[in-house]
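Order as written gives the chain letters A, B, C, D, E and F; numbering starts at 1 within each chain.
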Amino acid sequence: MKVVTFGEIMLKLSPASYQRLSQANQMMVEYAGAEANVAVSLANYGIETTYVSRLPQNALGDAAINTLRHYGVGIDNVCRGGERIGIYFVEKGAAQRPSKVIYDRTNSAIACSVPDDFDWEHILDGADWFHFTGITPALSDTLAQACLEACETARRKGVTVSCDLNYRKKLWSNEKAGKVMENLCQHVDVCIANEEDAQAVFGIMAPKSDASRGLIDAEGYKSVARQLAARFAFKHVAITLRESISASDNIWWAILFDGHEFYNTRKYNIHLVDRIGGGDAFGAGLIYGLLTLGSPQETIDFATAASCLKQTIEGDFNQVSVQEVLDLMHNGGAGRIVR
Amino acid sequence: MKVVTFGEIMLKLSPASYQRLSQANQMMVEYAGAEANVAVSLANYGIETTYVSRLPQNALGDAAINTLRHYGVGIDNVCRGGERIGIYFVEKGAAQRPSKVIYDRTNSAIACSVPDDFDWEHILDGADWFHFTGITPALSDTLAQACLEACETARRKGVTVSCDLNYRKKLWSNEKAGKVMENLCQHVDVCIANEEDAQAVFGIMAPKSDASRGLIDAEGYKSVARQLAARFAFKHVAITLRESISASDNIWWAILFDGHEFYNTRKYNIHLVDRIGGGDAFGAGLIYGLLTLGSPQETIDFATAASCLKQTIEGDFNQVSVQEVLDLMHNGGAGRIVR
Amino acid sequence: MKVVTFGEIMLKLSPASYQRLSQANQMMVEYAGAEANVAVSLANYGIETTYVSRLPQNALGDAAINTLRHYGVGIDNVCRGGERIGIYFVEKGAAQRPSKVIYDRTNSAIACSVPDDFDWEHILDGADWFHFTGITPALSDTLAQACLEACETARRKGVTVSCDLNYRKKLWSNEKAGKVMENLCQHVDVCIANEEDAQAVFGIMAPKSDASRGLIDAEGYKSVARQLAARFAFKHVAITLRESISASDNIWWAILFDGHEFYNTRKYNIHLVDRIGGGDAFGAGLIYGLLTLGSPQETIDFATAASCLKQTIEGDFNQVSVQEVLDLMHNGGAGRIVR
Amino acid sequence: MKVVTFGEIMLKLSPASYQRLSQANQMMVEYAGAEANVAVSLANYGIETTYVSRLPQNALGDAAINTLRHYGVGIDNVCRGGERIGIYFVEKGAAQRPSKVIYDRTNSAIACSVPDDFDWEHILDGADWFHFTGITPALSDTLAQACLEACETARRKGVTVSCDLNYRKKLWSNEKAGKVMENLCQHVDVCIANEEDAQAVFGIMAPKSDASRGLIDAEGYKSVARQLAARFAFKHVAITLRESISASDNIWWAILFDGHEFYNTRKYNIHLVDRIGGGDAFGAGLIYGLLTLGSPQETIDFATAASCLKQTIEGDFNQVSVQEVLDLMHNGGAGRIVR
Amino acid sequence: MKVVTFGEIMLKLSPASYQRLSQANQMMVEYAGAEANVAVSLANYGIETTYVSRLPQNALGDAAINTLRHYGVGIDNVCRGGERIGIYFVEKGAAQRPSKVIYDRTNSAIACSVPDDFDWEHILDGADWFHFTGITPALSDTLAQACLEACETARRKGVTVSCDLNYRKKLWSNEKAGKVMENLCQHVDVCIANEEDAQAVFGIMAPKSDASRGLIDAEGYKSVARQLAARFAFKHVAITLRESISASDNIWWAILFDGHEFYNTRKYNIHLVDRIGGGDAFGAGLIYGLLTLGSPQETIDFATAASCLKQTIEGDFNQVSVQEVLDLMHNGGAGRIVR
Amino acid sequence: MKVVTFGEIMLKLSPASYQRLSQANQMMVEYAGAEANVAVSLANYGIETTYVSRLPQNALGDAAINTLRHYGVGIDNVCRGGERIGIYFVEKGAAQRPSKVIYDRTNSAIACSVPDDFDWEHILDGADWFHFTGITPALSDTLAQACLEACETARRKGVTVSCDLNYRKKLWSNEKAGKVMENLCQHVDVCIANEEDAQAVFGIMAPKSDASRGLIDAEGYKSVARQLAARFAFKHVAITLRESISASDNIWWAILFDGHEFYNTRKYNIHLVDRIGGGDAFGAGLIYGLLTLGSPQETIDFATAASCLKQTIEGDFNQVSVQEVLDLMHNGGAGRIVR
């Protein structure tokens, strides 16, 4: 089995501990990004993955490549060129203080890529799955076009396509996002979203809930899932649900809709180590489940447990094995020492 | 608007993480102190501040000066001289283990200052507000006298005076504190206290509560506020209330009495990053509110939200902007990522 | 008063913070082990302690010796020899992710010791107490024999013997453990256990509880204590009880059975800093209590408060004084700052 | 006395110790830049300085401001706006391995500034000295124009102008640099250069030396100084001379030409801690000398000693006092402990 | 081109900076080993490499695998099994204090490998070069046999074989080494040695030099090279020469003998950052040179420059590109900043 | 054999690496002092040592005690009391920038000790050697008196007395020092000095040398040694000689005068890791040599080699074994790796 993901891997800089960005005289260095996080997670599960991107020909680009290789992600389709690597700065929140992210990704190597940089016919050869998120087409018109080409090629070759809507308001307007994503979602089989995404991109709302206040209504999400599935003929719609008690404690669960039934998971009350990458870990768990596990229930349970574990780990990557996810699914997370 | 604060800025040394002092082979270095913390907080809100103190003419004194300048605090009234900077060592507690502080501030530059070190007539020129805490007069008789001079000069010039009682039993006895503070409080407009302070300094008690056990009774505090206001003709009395669930989790709120009405705030259930400086952040928020916000309710809400945020931040200083405090006041602290 | 403990002190390597072992590019270095932890804790309480072990003649062996001396533990009975120090790697869990331990202790200096390495007649001269755990006899047949000799010598000399069952399934099978410990426990006065130990080693079960799921039934534990006491004529049986809510939060308490009565403690809801060494801190507290405190209730309260504090401290050692334990026993753990 | 400097302050990220950029999982955070370095150095000498620049309205811009204030540099003329702060990554070399710098400064806040951002008439009011380097006009045509305006305004107001040629081949071509700098240098009183600069910008060469190989010929430099002075009517030309033995050891000295005489300094054989910022420390020392010291010899000695000290200090800033520079000038650098 | 290397990759633990092992409360974590170092170096030069080894199925084995992948080394021939990863502890020396290494590699996964673990027929398919060092056969008789099989298979398939004698006296006696290596060297084409190796393993001595005292005589080494070449029909013999001035400063050069001529290199006077891995970097440079560069002189110059650079870099791996090595060869190492 | 040393152990705080004190946001924590350094060094050589001092009853005093115990130094004669531990801040110099020390030791526990704190009759029971330095009597008149009592008691009991003059100009004037030391030196057998000490304390000068400039004349030192021996009837006078090339490189050697002959050592050209404690390591080496080695030449060679090694080690303590010192004496310091 082989999964292809497409997106931007960035230099991530974050102060240690709970320091504010302006306090930091050291920053932790990582290389990560939504689709790279999915690729690493799948590689950790033993799935062959190929990551498609563009990185500058300098030491920072090299380091990003090394990071991908480190986890066994295939890098043959990362082309080199451009002036700079995208950067994001993350300040970890705590209690009543929210996490903050500063993006400095304009004019990054991939945002400046040209159509010829990605030969989808070749890249998708022998692939089983293609995954991208709404961030990639938001980076430039060329990339929106590349996503479309990738989706069309995938469909033609019988490759399953998944998309995490992942709306980022600093990258594009609701209108632009709606127009581009409408087009792309015609070719998508599996859609991952949360209420904010669905509303921002497609204007799909759940009655009576208010995600920005951390108030979530399960019925409302079922309605969102049904509306999404109806509009784009998605085979699966997965929605993650996060109740933010504070920046330190979240409740996390998910629902999966396969066009017929809804599958709910248990709720994880997570004392957070690092929530960034939780959604990507969910996406990877979902892909892994749909590719290898029997039932929709097991799939959504696996995806949710996997993403719960991610939020107990430092860094964007979900550094867990299949067995560790299954252990949580089956044993419940009481956290006794494994000697 | 210009605020003057007067006190001791010390070298603060603390082990990283939750190490005990005797375990530490490294310590974090900060320069902080109750009134300096207030000054930094106000400077972060865009208020012009001047800090009055005395520091030795060596690299440690320089570093303290640099720290104040870093945050935009005016240092023209920090005189140089004396043998040493005061030092305090802080061991951060966790769960059932309390934080511990060792003070090594005897014979510090400011404790050894002489009356001529501070020319209040000049310092308070053009000022709107003068703030000190009960720590400053406790350091030496000269400083108690300097506080009195400052208060009298302030009153004469129409400068509002605020005082945080901040009783420290290692610095002076209840009796000494009561006598000195009684005198000073004649000239104070705004008093900040907690039940322990009021009882220790002035023998004012609330019926039926026991602060040392973390049991707090709101009605009792109203009684304390009324008694304080009655005794000294304070225009405002603000009382902070802390329920210590453990060294890791506190509930925090406050009340304000303007001589007529009581204004209560919501309770913040804080998973603590660093509680030291919380009271000073409250003081700064209160001063900011009284200087710039319309209503007593907004003022006490601002002060409380500001000091809640402080307790989610490493270090004594409250490194937040006015907007961040307002966001917490209005949006509630669910801690969703700000991208 | 003099306490002798016998066991393996290892090099402990653990990533900082909540990193996984495979992520670590730095590891914290400690030297610790169940019986060494007990010795350090007792030395911190002012009890004269002697530690009996074997360490290689190299810089790592030297460092282990230095660590013991650091805390005032007597090292005259640590003999030198062998090829290597035992090592264990600890990855600290968080929330739903459990802590993991990798042992690399095969062929360690002490595991390769020969009978002549320990002269019990001499070692136990003037001792009041001898303590070991089930780990020591599990390391080699020679050590099982050495434990037996130590126990017999202790009994002959009127030295009280305590044993923490401490079953480690990677070191020996249930059967082997049962056989060896059956023999040793004939000479033991004070037994420390938890339900898993009692079941794994002696097949003693509590009805209706399931420790591996974090479900604990107090009545069941009383039954376990009664069965243990009945089988071996222990004078005291102490059982620690841990409800794992997650890897970040545990509820911790204990019961003591003196052959007649049961003594229960309050429950500590601990937001964990580092739970490893909690059981050893309990053992040390129990020994301290039985040696110096009047009543069984005070003893078990002391042991439980002591081990609660350990779990709020970084590292395996319980770096607290008798006074700090008493403060928690009497004042309850609200965590107010001690200035 | 008041000195104005104009340029870009950037976020500097560098691995600790001698790690390569691609190895780093942590980076040190500083905020620095050629002209900011000069301003900090002068502020450390007690000179009033104002820094003119443009920074984005985010936490990184705030931190840069705080850094300037930390050292007492005036920030009233730093305007806020633009999308990003310029960034540079520095890998420190050792022995035969050279240091490497990656610039990521395109589209920085200051590079995107518009003519109205800097009101030179106002900024230079009351100033005695205006300093910039060849980096500033290289960043954009707007900034080249701003430099010209600044120089013209300075001349008109009788403010001395100094310029460090500081040629950066990644920012502009020799041709472009030559054309722009030719124009600017008409208004410059004091020129700082090294042979590479003079050749790259103005095609002025010294016979027989090869700076890129670390071979330096003192006579050649005198010729360069004479040519520069002749071409632009500079009152002073200072040339720094660096013999690179390796990335760990350099020999450093300088010459000053006042149109009549040459003044040479002793040679400092420096075992380098951090050579970046050495040239800027020289510039600041030169300005300080010309403003406050009597003789050209003392001036160039001061500048050279100051910049020698910088290269023994971590970071771009020269964290030394006037007294420390004088001590080195007079006592020679034997490095005995000052107790 | 494809190179296969065979050996043990270990967990390397070393205190930061110049701390002694017994002082360390943190250690840096790396995964390295002589043949792995060669593989990483070649991968950095863009050569396809495959590493053959055996690692335990735990988080430390995973981390070693990740490290190899990080640098693009092929890990398909690393089999998993065994109980533990080999460990070595390195204390970095300085000035008159030598570096010290403690090995804890007995019973490591690879030392316990069985003949079937390595299928040389398959592994060497399509390979151009096979490299091992004298450490691998020293680890166990099985490995000595595996080396022999590998060498014989390589010869049969026309794969060039190189061997770095790398004598380690703690692993085997001179006699055992001599016997085993005598056998292996029959199949070796390229031999890398230093005088100590040649003497220890084969009793080959240079007249009048004393390597242990840092005294080296170039003529003596030529004699050693000639003797080695004569005895085993090596096509190339390369000898590295190190004059230890102190643990901080070494002079480093090499000679190559191709059976006809001697090729000498310039001498690098290296202010050491980390000398461990220098010899492996030399080996990799030599293999790279023989595979891709025209002349013996260029080859030995490349190998020597490469290994000089390694000694300016933290860690065992030579993190440099071909271009960086060529720059040093051609430009000489004056260490000017590359901007 | 048993050695008693008497002095002040302080909290030492120093920035990591080559940061200036005012730059540090972290400091390394050590507990050290001239006589404690000697005690640790001797304990490392296997000599029984007892340290006599006074420390406050708080966590910092505890940590100092733990540090002494860590190295096996006897602490039974460290009494507890007083308000504070003495502190010193050390900024490590590099190249032309000297190291700087700020002392904050006034009113330390030992400086405030009273005569009854030290019972010399008891302390010196069974001792072979008593060592102190000129720092101890400089701390207070009480301590000067305690030193005198100690010396007199030692002489009466036949205990050899050594004194390192160790003049500190910040502690007392030349006059005061001269008067007190004149008195004490009547009872001293072994005197350790450098030219600065001899001149400052006793006005003894060497012709034609200038220590403050790093110019040293061996003949001059012989004259100093002769004058010292003549004045006080010392049995041995040892003088250390340091040529400061820079703060990074020193040349270090010594001479010993036994009243008849002079014994010179080789010169060590040391690339410094940390020179503080070098003199104390020399003192300990001298005591060790005089106690256990046969000849004066071996003694002074041992002392010099030992103190050379200290200067290659982080921290004030000389963490070396007798064997390591002998290795340097006999093998010369070429720094080859010890595997």
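Assume a residue touches a chain if its C-beta (ideal position, glycine included) is under 8 Å from a C-beta of that chain, and two chains touch if they have at least 3 such contacts.
The shown structure was predicted, so the numbers you read here are calculated from the model rather than taken from an experiment.
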Pair with more cross-chain C-beta pairs in contact, given B-F and B-D: B-F
Euclidean distance of C-alpha centroids - subunit A vs subunit D, Å: 45
Per-residue multi-chain contacts in subunit B, two or more chains: 20, 22, 25, 66, 100
Touching chain combinations (by label order): A-B, A-C, A-D, A-E, B-C, B-D, B-F, C-E, C-F, D-E, D-F, E-F
Residues of subunit E that touch subunit D when the two form their complex: 268-273, 305, 308-309, 311-315, 319-320, 324, 328, 331-339
Of subunit A, residues touching subunit D in the complex: 13, 20-22, 24-30, 58-60, 62-63, 66, 83-84, 87, 89, 91, 100, 102, 104, 106-107
List of subunit F residues in touch with subunit C within their complex: 66-67, 69-72
Subunit C-facing residues of subunit B, complex: 17-20, 22-23, 93-101, 103, 168-170, 212-214, 244-249, 275-276
